[in-house]
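These are the structures in question, set out in turn.
Both complexes below contain chain A, partnered by chain B and then by chain C.
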Partner chain A sequence: MNRKEQKSQIGWAAPAIIAVLLFPFVFLLMLSLGRRWAYPALLPGAWTLANWQAVWSMQAGLGESLFLSLALSLSITTVSTFGSFWVSKQVAYHRYRHRWLVLAYLPYVFAPVILAACLQYFFIRTGLSGKLEGVALAQFFITLPYGIIFFTSFWTERLLALEQLIATLGGNSWQAYTKVLLPVAKGPILTCFFQLFLISWFEYGLTALIGVGKVQTLTLKVFQYVNEANIFFAALASCLLVLPPIVLLWLNKRYVFSKVI
Partner chain B sequence: MFLEAKNINKCFGAEQVLDDLSLQLAEHEMLSILGRSGSGKTTLLKILAGLESPDEGEIVLEGQDMRPLPPNRRNIVYLYQEPLLFPHLNVFENVAFGLRLRKTQEGVVRKRVGEMLANLELPEQARKMPHQLSGGQRQRVAFGRALIINPKVLLLDEPFGALDAETRASMQQLLKRMAKAFAITALFVTHGLKEALIMGDRIGLMEQGKLKVYETKKAFINDTGTGVQAEADFWRGIYLES
Partner chain C sequence: MQKPSTYIGLGLFLAFTAFPLLLGIGYALLFSLGLTGILSEGFTLDHWRAVLGSARFWETMAFSIYVALVSIGLAAGLALLLVMRRPRTFENGPLSFFIYLPLAIPSIVMAFLIFQLLSKGGALSRLAYQLGLVDGLSQFPDWVNGQYGIGIITAHFFMALPFFLILYTQMYYHEELKGLMQQAFTLGATRRQANWRVAAPVLLRRSFATVVLYFLFVMGSYEIPLLLGSQSRQMVAVLTIQKLQRFNLGDIPQAYTISVVYSIIVIALVAGLLRKRK
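Now for the complex of A and B:
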């Protein structure tokens, strides 16, 4: 095969792969905008924005779920990112670093949903079961360890030396963080923020167990519509579900794809 | 005496790193400390800077006990072998760092950093980022960043260790010149015999946690334990053979 033929094959392959990857999303969008789409029709019988208008109506509760999920995930992610940034530093420079790291891996070794089942008793006893604060706390139990694992490799001997240098130049801990450590860690922080957001945003099992169906995040809504065989609303909720991660990925693309630790 | 370390002991586990070490340093004096890797040189500097605490002993600077003071309140700057420039700041901001910490007025910062960069022969590099500099230039910026805050004592931990021979020689001359211009009081740690002789007003030899400071360079050269005689014999032999 000559170079020209190779180039022409690659030229066809790339758009084909992109089309295959994008097809489910286009299909979901069509489903969310379509009505009267029965087999064997290739396209919906009618197009309407009625489903999307339902996002803003209180009846379906989709808009409420969207804002609840956004508020929950953004707050969990923010606290976990900065919390794990600080905790990971203590772990990284601790003499028993490996023991602490094993603890951080535990929620993932057991799987978050098993962790939730184990912790459910305590959530019921403390009255947190079925409450937003309970779900937030439960998600925090998996996002914080992930952040710690993510950041532990960031703290190197070189960074410790840099911090010590700042101290001898007259800087206190706050100045070390604000003037050097956080700016230097900007890329990893944004990458970690994105990854923690994805964990929290798509979390289903743990949220369903601790929230006992009362905390209706968007992920739960999708499953609810799927179970009800409400395909048009399921598609609409799915479209809403993928939108924030795409926006966040777009904003963070420089760091997510190139500047990982 | 300007700086005094008295009977410093330090152990890491079962290993005694500093063994009843004492030293005295006069104001504006540069003391070279020669020693092999693992002889305790870095630990000594870190203890003086407040980055490590001694198990026993006293550190007195201008009559004040340094032990209760954290590193950021000692005004003793510790420079590593690596320049450790802040990667997100350009040369100007790296040099200005200590002044920014002290919230110095912008006009004063510009004037002093400009003067410092001129002294370091780096005025054209002010807007460059650290990765755009050579090894020698980075080390100069590191000196400027330390000197601009007028530290009472500068601790230099093999600062030219990562440089090639030519750059090392020019940096030694630059530091000698800067030391004179800024009346620096410094401890210069090295494992290079020649470098210790070039840089120090006096020289100390560190072995197994013990420090022996020679009052004159002549005394240092004449002591067979320092290795100067062996080095001289080696070069003499090479010369005679050729």
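Now for the complex of A and C:
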């Protein structure tokens, strides 16, 4: 089957698939703009922008949560990205690199929330439980291994040879990083940054457990509103939660997800 | 001889990956054996006996495996079929962008969405009422918070399907399956034979590790079963956290025992699967 034939075969289905893919976002937006959605009405009884205007009110605390989530995710992501970039190099060039890498997979295999449950005692003892620093450290435990797994394949024999060439030509380690390795790694660093941002941004179980509900990120807000049966604010918090990843996608999907597999 | 930076790097790696894990599992093990904790009275296997002898725990494990198997099986299977039949669908054009959109939805939002769609008061129930298919809320089936985990499976399925569609689409081109398929056709294979004897084995073999990791991710998932699961049939992470947060202090050692048993089962599962693959 040639390309043209195939295109014509899926041509009629493409708009339907796009509609299905867009439906969750439209549905969330509809709920976030709605009021009084009594059964069996298909649409809310009233439409209002009041929910969105409440984002910045102190009472709802959504703006505060948005800012907190952004600050937490951006700082964790920055530290994890550059930390894992450097650490992964040491792992990648070690003769037992495969054994080391198995360890990096373990936090994911055990489920972050169960890891958090097992570590909760130590966070309480060190006074980090219920604090932003505690949540940041706990998230670091899952973002750093991911970054290391991600970057290990970046460190190839070719790059090692390049680094040795810099040393032969009289360059020091700092020059090797700033003049060659970091510019070469610009693409992978951006990709890793976006992916780690998403891991931190989407995190719920670990944040809820270590933060004991005091570190109110947006994911916790969604859960809180769902528990309060406030579906309109839950939808609003969900919209705020999906917005940054969509913007990242819009900027460039190639950078965000191309190396996820 | 290794450079000092290698030791520092590996030290940091151990400090932030293996050490917290060993610390957590070690503490959970000690707690489960009665060697630490507020109510500890010395070494005991009582908590292990209580967990391993409880039908509830094994039902929880079986339910977690069932949810992971069904949701990942359906999503990976359907994605494989779609990519084999129409490999170019998600490669170019607007669909190559829109297929990424569901990946921007976190688990907690997906759980909320599925609840609003499938629950008795949800959008589908309302639609069924408007179409005259049901006369009221009570007639709509129990898809959310039910015994069979339909809501949980649906949420995981919709999260996994786009991921596997992207995965298989990219693999189809990275593995140069188009050329292999052409060779199969030249040698007289039908499209069906080329799909099932060439494309499917290559894609399945190449995606095996990802499928196993995704399976474990679903098995240990928390937010989705927390919102969409039932009280009587829980998934392992929900049961663990619930036991840990109950007012009955006697449940805490059991929560840690479940964490240790779950870890052992997961390690055994991964080791077994990966060895079999080799």
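In this text, the second predicted complex is superposed on the first by the 243 of 261 C-alpha atoms of A that agree within 3 Å, B and C clash if a C-alpha of one lies under 4 Å from a C-alpha of the other, contacts with A are read in each partner's own complex, and residues count from 1 in each chain.
Just so we're on the same page, contacts are C-beta pairs under 8 Å (C-beta built on N, C-alpha and C of every residue); 3 or more make two chains touch, one makes a residue touch a chain.
This one's a predicted model, so the numbers in the text were calculated from it and none came from an experiment.
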item: First, second, both or neither for A:Leu70, with chain B first and chain C second; value: neither
item: Which superposed partner A:Val180 touches (first chain B, second chain C, both, neither); value: first
item: First (chain B), second (chain C), both or neither touched by A:Asn172; value: first
item: Dominant toucher of chain A (residue count), chain B or chain C; value: C
item: First (chain B), second (chain C), both or neither touched by A:Val79; value: neither
item: Touched partner set for A:Ser238, first chain B, second chain C, both or neither; value: second
item: Touched partner set for A:Ile17, first chain B, second chain C, both or neither; value: second
item: Touched partner set for A:Leu28, first chain B, second chain C, both or neither; value: second
item: On chain A, positions contacted by chain B and by chain C; value: none
item: Chain A contact footprint on chain B (complex, rising order); value: 49-51, 70-80, 82, 84, 86-88, 97-98, 100-102, 145-146, 149
item: Residues of chain C defined as touching chain A within the complex; value: 2, 5-6, 8-10, 12-14, 16-18, 20-21, 23-25, 27-28, 86, 88-89, 93-95, 97-110, 112-113, 115-117, 121, 123, 125-127, 129-130, 137, 162-163, 166-167, 170-171, 210, 213, 216-217, 219-223, 227, 236-237, 240-241, 244, 255-256, 259, 262-263, 266-267, 270
item: Residues on chain A engaged by chain B in the complex (per definition of touch); value: 158, 161-162, 164-165, 167-172, 175, 179-180, 183-184, 186
item: Residues on chain A engaged by chain C in the complex (per definition of touch); value: 3, 6-7, 9-10, 14, 17-18, 21-22, 24-25, 27-28, 31, 39-42, 83, 86-87, 89-91, 93-94, 100, 103-111, 113-115, 117-122, 140-141, 144-145, 148, 173, 201-202, 204-205, 209, 219, 222-223, 226, 231, 234-235, 238, 241-242, 245-246, 248-249, 253, 256-258, 260-261
